[in-house]
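Shared between the two complexes below is chain A, which pairs with chain B and chain C, respectively.
Take a look at the complex of A and B:
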């Protein structure tokens, strides 16, 4: 059993890369400028060709809801910014699966389509932290 | 071993302890001989860089403390230009550009873009965040 587990973890690390910056988004969208300014930083870091990863966790997973309609709050759509990330070279978007579960959100039903998100458990998140030079929480 | 450090301040002076802790951390790092490459003020942290604040005489003046720390060690203080404009922190150029009646960026602070934060992260051994 031990050998099998070792093999699995080696396989996992082989496909994992290191990041210059991990941005952790943990706040609900539109209640403050936090999500907007965190995504601004992600886009800026992408522009400067840094390896950037984003982790959506806790209420931050609400930033990924599809069909956001912030017009009523006279705010700009975060969904558009999230869709733009890949054009800026930000390709690692991770979501903590337990945060989705706690909020009864289902990736195929509630989350923005056409953008790839890695669903991570607590252990994979620890790995992601270890592989990131800097972590900034918003 | 000395480190090249950059500091990111996200919290405003009276809303959290972030700005105060960041100040103390920066002072301590310098006194231990570490290099502080840049202090970057973002989100509500930009409020630290106003020169139009007047705390009561018998209270600690955190604005003054940051300004004198910058002056004493010629530190590189950068305030995010977009986050600052949103919150009413402007230098002369920005004030004129937005056609506004006054400017309030404190001496020793520069307004610049997020690229300065990204660059600080890439050249520093550590970027230490305070706030939110």
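Take a look at the complex of A and C:
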């Protein structure tokens, strides 16, 4: 299992890597079920050995906040789901850097630690769309 | 005449915030709910709306993992939410 995960993460760094499915998450969590549905799809597709990439953009970057505690809202913590994604074969987690900047979010200060995120600019996002066979936006 | 304004949308909805700004008056109260609690990260809210007391609903702030140290916004429980509605003459929802 460890060896497989290492292989996947080496592939990630290859810029020409292609994806079967790109899931774009652009909404903040908890006020709608959108984020949960997107992550459920990611887990399902990963389980069926699809090469999956996730792109967090616009208000979707709020899903990556550390120390989420939605107990009082009777909801599951997205942070835990995001931590689990690599174990379900999701190959790449990408974040649009400008969306973080606009929202005064700093990767070291506000974002979940221990999970690797690729910070992408607008140009690299165009590339990512080109390299993905199917794109679903949430 | 004082008004309690409740705002539900994130700072990305700039059109809605513009409408709120054109309506809110000195002496009014602003309560941030749901995605509006992300205004607490951008610490420029009090510069934009001076002389307005700003609260954020505690459960929504904690759920979203928003760091709260140094914020000028006050946290409100649901009980305090009710008290705010009693304290003001009317209520406007911005969502």
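We take it that the second predicted complex is superposed on the first by the 123 of 138 C-alpha atoms of A that agree within 3 Å, B and C clash if a C-alpha of one lies under 4 Å from a C-alpha of the other, contacts with A are read in each partner's own complex, and residues count from 1 in each chain.
Please note the rule applied: a residue touches a chain if its C-beta (ideal position, glycine included) is under 8 Å from a C-beta of that chain, and two chains touch if they have at least 3 such contacts.
Please read these numbers as outputs of a predicted model, since none were measured by experiment.
Enquirer: If you stack the two complexes on chain A, which partner ends up touching A:21: first (chain B), second (chain C), both, or neither?
Expert: The first partner, chain B, only.
Enquirer: Per the contact definition in the header, classify A:138: touching chain B only (first), chain C only (second), both, or neither.
Expert: Only chain B is touched by A:138; chain C is not.
Enquirer: Of the partners chain B and chain C, which touch A:73 in the superposed model: first, second, both, neither?
Expert: After superposition on chain A, A:73 lies in contact with chain C alone.
Enquirer: Contact-wise, after the overlay, does A:101 reach chain B, chain C, both or neither (first, second, both, neither)?
Expert: Touch status of A:101: no partner.
Enquirer: Of chain B and chain C, which one contacts the greater number of residues in chain A?
Expert: C
Enquirer: Determine, under the contact definition given at the top, whether A:48 touches first (chain B), second (chain C), both, or neither.
Expert: A:48: touches chain B, not chain C.
Enquirer: So which positions on chain A get touched by both chain B and chain C?
Expert: No residue sits in both footprints.
Enquirer: Note which residues of chain A are touching chain B in the complex, please.
Expert: Touch residues, chain A against chain B: 20-21, 33-34, 37, 40-41, 44-45, 47-48, 50, 133-138.
Enquirer: Quick one: in the complex, what on chain B touches chain A?
Expert: Touch residues, chain B against chain A: 8, 10, 42-43, 82-83, 86, 113-115, 117-119, 121-122, 126-127, 129, 132.
Enquirer: If you look only at chain C, which of its residues touch chain A in the complex?
Expert: Contacts found on chain C: 8, 10-12, 34-35, 38, 41-43, 59-60, 62-67.
Enquirer: Inside the complex, what are the residues of chain A that reach chain C?
Expert: Touching chain C from chain A are residues 28-31, 58-59, 62, 65-73, 75, 79, 103-105, 109-110.
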